[in-house]
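Chains: A, B and C, in written order; residue numbering restarts at 1 for each.
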Amino acid sequence: MADTSTTGRRLSRPAFRRAADRVVTQLIGLSGIAAIVILAAITVFLVINSSRALREVGLWNMVSGTDWFPTSEHAKFGFLPAEVGSLWVTAVAMVLCIPVGVAAAIYISEFAGRRTKEVTKSIIEFMAAVPSVVLALLGIALLAPHVREWFNLDTGLTAFTAGIVVGAMALPTIITISEDALHAVPKDLRTGSLALGNTQWQTVYKVVLPSASSGIFAAVMLGLGRAIGETMVVLILAGNSGIIPDTALVSARTMPGTIAGEMAEVVQGGLHYSVLFAMGLVLFTVTFAINLAADIVLERQRKKWRR
Amino acid sequence: MKASTARVKRARAIESVAKTITGLAAFLVVGLVLFVIGYIVYRGAGSISWEFLTQPPRKNMTAGGIWPAIWGTMLLTFWTAAFSLPIGVMAGIYLAEYAPRGTFTRVVRLSIANMAGVPSIVYGLFGLSLFVLTFGFGRSVIAGALTLACLTLPVIITSTEEALRQVPKDLRQASLALGASRLRTIVRVVLPAAAPGIVTGSILGLSRAAGETAPILVTAVAFYAPIPSTVFGETMALPYHLYIMATQAVKPAPHIVWGTALVLVAGVGIINVAAATWRSRQRSKIRW
Amino acid sequence: MVTAPATTTGMFDLHDVSVTYGSETAVAGVNMHIPPQAVTALIGPSGCGKSTLLRCLNRMNDELGNVKVGGRILLDGVEVNDRSVDPVELRMRVGQVFQKPNPFPFSIYDNVAYGPRTHGVRSRAALDGLVEDSLKRAALWNEVKDSLKKHAFELSGGQQQRLCIARALATAPEVLLMDEPASALDPISTQQIEDTIAELKRTVTIVIVTHNMQQAARISDQTAFMLRESMERPAQLVEVGDTRLMFTNPSDKRTESYITGRFG
């Protein structure tokens, strides 16, 4: 820069460049709040669209109503069949995937060799990418006929059937996040315990698991949120009947399944349409609360181990 | 001494039982994934042909191919990327490079984490009311892509932030000390260094969006539609095609169902594996 | 910023400089003159605020947040902490080389060209000239002239550090700050860096932080000794003066003890 040694030129940075800098920086700041804006917009649009249902039917009447006859002459918009159905599906899913998921996470984090660990993790990660509609298809082809046979039912499309597949779908979430939580436990704690003459397993359940318990709890909660919100599997596999199911082994409707199944066929702006949005609002509120709880727990845990 | 030996023996026995049980659980999950993939390949492979991949359906959906659905899914995914990448990457930059520590940033983070857990059908309702009706796009590629973009956003933001945080502080300082502005430092030095992580994370998020059915159910898809000429047209899409063919087809055509499933899984799978491989190769090239 | 007389560019005057992190004052009461086209070494035990003081000179402390710099720091008579001074412009005049080699993950050429490009040099010919010139001044040209497209990470540690020096030189700074530039290197590379510094001081003012006293004695014209006597009190400048004098006949007892290796 032989000819630029006079300080004067080099001290004037082009003003437009500084302005461009500022504009892009502001855009970045704006994008930063995109998530808040979208979440707020989701809430607002769900409320606006369900306002007719809230006015004409009433929130309590929907949430506690026992009959779902949306298209009959004296239409009834009770959510209970869908709520209880969702509950059954979720319960079956969680009973299956919590023990399997946490156990698998323990194995991957604590016992598996480096190579096994890598391979297993990437295979499980791939599971998360398999579209739910594909798993639902497998459910119809392979699971439903067996469920019908095993329990001697009229149909294989039950809350139980859907629950098994939903449980499989929640597995990657539970395993990955539990594994992270276990992995975050400092090595010193493990070596400390081993040095006291504990076996690896004693170390795991006396030291590692208690230390990671909040993270595992969060993993379970996130898996739960995933399970409640899972749509295609329950739409295809749960059977969508109108009754309030008293066991898992009957055909049941669920909240996401009801919305997805009926939304395409309703009159836009009609009462049924608005009621489906209200159901969406209930579903959104439930999953929001569950996720928030999990995220707060996870955040605390992250702080705890920050050195 | 004798008692303690017995205790150690017992502890060892329990340990091996625990290892076996947890190992079985992991094996079960891995086996399940491999079985799913294997079964789909087994059932679907016979349907794959040049015609199947390149022709539209014929004879009331019982013959012909699924090209419009393949194209529709590619179109949806492309536009989803076009909408979500710029905003997601910028938001990731904000969190990694600009966000001050404090309550506000905490709320932003919680929102992003929470967005990732919103049920896909709720995104569908949101897209229907905002993009389809309020914006007046109707059921269209653009409405579906915008909806999928909302759903993909948290994945892109999170992976961008993580990738940026892995770039050493030294590099930022070197650039700043050369008189580069903060923004230039980010764009010219930090982003290129973080690119492998960002690209891979985004691709994984987008491939998941490509397999979603519920959000596009009410915002974009039709049972049968020709290839849309603009983004404002309805489209077919692989996951929806699979759903319809598997559950509501007038005449069952299992070979089309399993063929579609295979194409969908193979597409998502190839993209995933390619992205992961590329990332690990880039990582081994650049070591901090 | 007003232009200073061209003959004395690259001269610092520090008056009662202090640095405060949050509520903790790390450095206080530093008064010194940094002469142009000479090497000034900052020595002292670790944690004595040498690097902190160094970062004041190109305002890199700004980037840490929550840092307050007090007193006056004049570069050729102009206060660098003045509102009218853009830190970005200051850093073009005051370059920095860091403790660990930190080349960008680009080619050798792009590393050196980064600074000039940042400041608007676009022409290929001008960039080529600058890259060659800077690499020559950093004594790296002969080793890399045939492989300018090679990734910077393929260079050895010592080469990487000289690349970082070349990168800093490419914006034609009047002052070069070096924060223990050889501490991560082997003896041979250290020797090369020291040779480079000796060559550079004819054109550039150099301020170097080092905890290696032999190095300070070998390469510097002026030495400043800093010390933080307790964690309750901020670090201070104990003594500053001609290097030869200071190493043969220090005026302060504490300097003498440090130089003779009694603490630190």
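Note that contacts are C-beta pairs under 8 Å (C-beta built on N, C-alpha and C of every residue); 3 or more make two chains touch, one makes a residue touch a chain.
Everything numeric in this text was worked out from a predicted model, so none of it was measured.
The count of contacting C-beta pairs peaks for the chain pair A-B.
Ranked by how close its C-alpha mean sits to the mean of all protein C-alpha atoms, the top chain is B.
Chain centres here are C-alpha means, and the one lying farthest from chain C is A.
Computed centre separation for the pair chain A/chain B is 14 angstrom, with centres defined by C-alpha atoms.
With centres set at the average Cα position, the gap from chain A to chain C is 52 Å.
Note: centroid distance chain B to chain C, computed from Cα atoms, is 47 Å. Residue positions of chain C touching 2 or more other chains: 88-89, 92, 119, 171. In chain B, 181, 184 are the positions where the chain touches two or more neighbouring chains simultaneously. Chain B makes touch with chain C in their complex at residues 168, 170-181, 184, 188-189, 192-193, 286-287. On the side of chain C, the complex with chain B involves touching residues 58, 60, 63, 88-92, 95-96, 98, 100, 102-106, 114-115, 118-119, 153, 164, 167-168, 171, 177.
Chain B contributes residues 11-12, 14-15, 18-19, 21-26, 28-30, 32-34, 36-37, 39-40, 43, 86-88, 90-91, 93-95, 98-99, 106-126, 128-130, 133-134, 150, 153-154, 157, 181-184, 204, 207-208, 210-214, 217-218, 239, 242-243, 246-247, 257, 261, 264-265, 268-269, 272-273, 276 to its touches with chain A in the complex. Residue ranges on chain A touching chain B, taken from their complex, read 18, 21, 24-25, 27-36, 38-39, 41-42, 45-46, 48-49, 99-101, 103-104, 106-108, 110-112, 120, 122-138, 140-142, 168, 171, 175, 198-202, 204-205, 222, 225-226, 228-232, 235-236, 256, 259-260, 263-264, 268, 276-277, 280, 283-284, 287-288, 290-292, 294-296, 298-299.
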